[in-house]
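These are the structures, in structure tokens.
What follows is chain A paired twice: with chain B in the first complex and chain C in the second.
This part shows the complex of A and B:
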């Protein structure tokens, strides 16, 4: 169905927009940014902040562009002296009781007030009365700090808790210049940290990130949250080679503009205590750290010796490329395909917003390259166990015929402790790859920080091992993806670069069927 | 666009020797004057015999940093990172933490200036919104044999004494008062 479009003119430029688009959205598509506070694409539009006023020809008063739909033939100006004067005055009004805490305010650097003041500042206060003071530094929940004085009453947080989480924690009390944002109960919902993202000023800040780094030092990388099967699109902010925070990135087909609180803290696993940083061999019950090449060839010897009798446990935590390269290795070894994927760790149920009970990021992708038989069944007639990431073999005494156990994973666990060869692998934030979410959407994540020295992703290990069996050595994740796209319909007609920022769905999957319907 | 023509050389300039002789005349003039001056103890030489002959610092000199204290002795700095951001030499390293006093909110848990990296530009002082860092301590010539001697930590910066005649008021408060904010 072709959408009806209308033609409008913004700042003298002709723009074609679908009918019903808001002026602010049409302008954004045309590259004209209209300052705004209360408007948010995924919340209702109360038009309370009045920052987004524009001049529509034929209308005597300025119109709020966040709640005015485009109409055919409209001539809109966002840069006329009248608009600039109005915006400057709105901003002046907004700042009347603002404490200007910028030196201690964690929002400084990404603050809506600071940014707009650069363009529309008055630079000279006319206001001489004492400011109204409000409650500062309120710990309103485990994740958030509220400073009511900095609030500009845009009501985004109120609408988020009313419309998105439906938990109704935030409210605006009193009237006039005593109007004050308050948490009417503890803000403790699984999506609370989104409030810190949508608050355009420093009123709501996230406890975990508070005072850690000034935001202008941060570098950003697009990625995918590995927390559950949803695969929320995120940005990882990093500084000096360390991930500092994760925040959501807009993808209407997956997570709109949100992500959950637990997902946001997953960057901590990258530098956690139990991270495996160096390869290890087990000799006489003791673990010895060895160089990567020693561990690599030790494992290769085991694989060569037991090739056909290897039982493999794959993982839904690794990327599509990892799972595919592993499958290729097993094929070259003439070993049976990897056992069925293990159940996801418990903890959540599906909820109405984002979280999926399946807390693995890539079950759809990884199951495309694993079998249906249980690992325990496979182990019965195997002499070598190859375990990827999962704690699948904590007690190897149950299988006395096992001559060796190879563990490839990111963190230490009982299986790793019992393994003969432990090879650490890179985590999602350290390499390039793709996850397939529960909808069948293949989404790319990118390297944010460097992996510990000598640690490489699983696909590299697998493809280097497979060389010994006459397999192909892949040079890059893109190359693995190319091979994978020809082998499996889930990735048919896709290219690694073609996945872009928002990912792609194969034609056979649920979502594209939905889209067609 | 303005075109400035090159000045044309006169014949005397082109011959060159006369001009060289003129230059040497100036050089030897200085030499003669200094020899003469030294003999008569009436010095015209512009070189000082430092450190035996210390020079008085001018009024607005930038000396080593110090951090200003609040009346209760805690640093006035709120760890806003403005100075560290402005510093062209990346000499300042700050780590922030929440202050136990909610009215202050944020404070440095560590504040380190590497005085060997510092180029004494004074940008940090200009950038500070709290008037918490100043370059008016009594130390202008720091000597040391190890790198650590030049690493100024939070405690060391707070201990630095203002030099005689340094301005001791609170510029931040004064600016606020002037703007009618307090």
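This part shows the complex of A and C:
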């Protein structure tokens, strides 16, 4: 569908934008950033903060670029003295009653006021009257703290709770210089933490992150939330080798600019107590820690001995590359394909916004490389069980003919406790790979922190084992992906790098899902 | 706590008059304030429920306007103008007299209430009767061209 476009000029540069685009958006696409507070691409546009004023030739007054659509031939300036003066004055007004407690404010470093003041500030305040004080440090729900004094009344939080979650917790009370943001009830909707992201200042901050790290120490990595089949696009902020917080990253096709509260805390699993950090062998009912190479060859011996008689339980928690490399290993062993994937752990139902009842990140991808038969059925004729990530064999006494159990996973569980060989594997935040979400969108995650010493992703283990059966040793996730793309239509014509920041959909899948919806 | 059946009927009629439910808020809040004397959290919830709009939207309007009360006030609400014309005509002296006589402090947007809950003394801005300044409003009635003597008489004659 050809879209109608218009030609405009921004700061002397000619720009072509689709008809109906807002000036602020057209400017952003052309690399010109216009300061703003109330505008948000996924919320309504009340144009209340007046920070985004621009000069449109022929118009006597400055126009709010967040609510003025482009028009053919418009000549726009965002950098004229008139605009700069206006922005400076708006900021001056906004800051009249602001407490300026940056030194003790956890937003410092990523604050819209600080950032814009650098460029447009007045620096010497003209205001000498006492400031209006408002309520500070209010716990307005399990996830959020509100400091009303820092609020600049942009109303983003009000619009988010009105328009996105429709839970209506926030409101602006009083008027004039006493106008104050308030929660009229506990803010405990499942998407509450997004308020801390969209609040441009330090008024709404997230309890989980407050005062953990100053944000200028953080490094950032793009990733995918592993919390459910949605696969929200995220950024993981990390510091000194530890993940510190997760926040959503814009992907209109998947999660707009949001993520859910439960997903946001999943980084904690990386360092949780039940994490498997070292390989183990079970001897005389006891588990002994061993080196990775010892565990690796113990497992290999079992795989070689039982090859064809191995029953495998794969997992919808591992990456596409993991699932594919595992399938390749089984093929080389001449073992049956992995059993059908287990059902998702229970937790929540699909909701209207993001959350999917399927709490696994990669069912679509992993099921491409697993069979349809139940693991329990497979086990009946097997002498070796290979279990990936799932607690699928907590009671091996049901299968007396089993000579061995190998468990490869990230966290301890009854199956791991009963296994003969336990091999820890890297978690999503520790390696690079891709998940396929419920829409069939293949999305890349990147390594954020280092895996525990000697711990590697499943695809590496599988591909190393498969060498013993004459299989190919993959050197990188990209190489696995290349092989996978030639083998399975779900990944046809895709390349690892081609997935980019927003992922790709095999055309058939996205269309069919959308048609169903 | 519940809304009066008569009030509910009136609200129904109002709902038909406006294109959006939220637009009825102002007249509805006035009605309900008449019934309860002031708009407590509980009353705000009742109104929100009756109109089927978010509670926050009700609170926003109630707190925006000074003529909606968030706490109980006296039987007689004295609104003494202290804006320019009235001040030029001696309003400060009159307000001081009222404060003294009633034993309460005048304040904006809502002043103090006497212990017997008979009077609340609030300072207000221009009520548009500058020609007859100084003036005050008691409940719905304007009292103009005030003097100390006149004020004493008015207060004494109140039922």
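We take it that the second predicted complex is superposed on the first by the 510 of 517 C-alpha atoms of A that agree within 3 Å, B and C clash if a C-alpha of one lies under 4 Å from a C-alpha of the other, contacts with A are read in each partner's own complex, and residues count from 1 in each chain.
Basically, contacts are C-beta pairs under 8 Å (C-beta built on N, C-alpha and C of every residue); 3 or more make two chains touch, one makes a residue touch a chain.
On a predicted model such as this, the values are computed, not experimentally measured, just so you know.
Model built by superposing both complexes on chain A: chain B and chain C fit together without a clash.
Once the two complexes are laid on top of each other via chain A, the angle at chain A between chain B and chain C, using C-alpha centres, comes to 80°, given in steps of 10.
In the superposed model, A:102 makes contact with chain B only, not with chain C. Contacts of A:13 after superposition: neither chain B nor chain C is touched.
When both complexes are overlaid on chain A, the residue A:185 reaches chain C alone and has no touch with chain B.
After overlaying the two complexes on the shared chain, residue contacts for A:128 are found with chain B alone; chain C is out of touch. Shared-chain residue A:168: touches chain C; no touch with chain B. In the superposition on chain A, contact is made by A:210 with chain B only, not with chain C.
Once chain A of one complex is fitted onto chain A of the other, the partner contacts of A:380 are absent, as it touches neither chain B nor chain C. Between chain B and chain C, the smallest C-alpha to C-alpha distance in the superposed model amounts to 24 Å. Of all residues in chain C, those touching chain A in their complex are 54-57, 59-60, 63-64. On chain B, the positions that touch chain A within their shared complex are 78-82, 85, 96-98, 102-106, 129-130, 179-180. Contact residues on chain A toward chain C in their complex (touch as defined above): 158, 162, 168-175, 182, 184-185. For chain A in complex with chain B, the touching residues are 101-104, 108, 125, 128, 136-137, 210-212, 214, 216-217.
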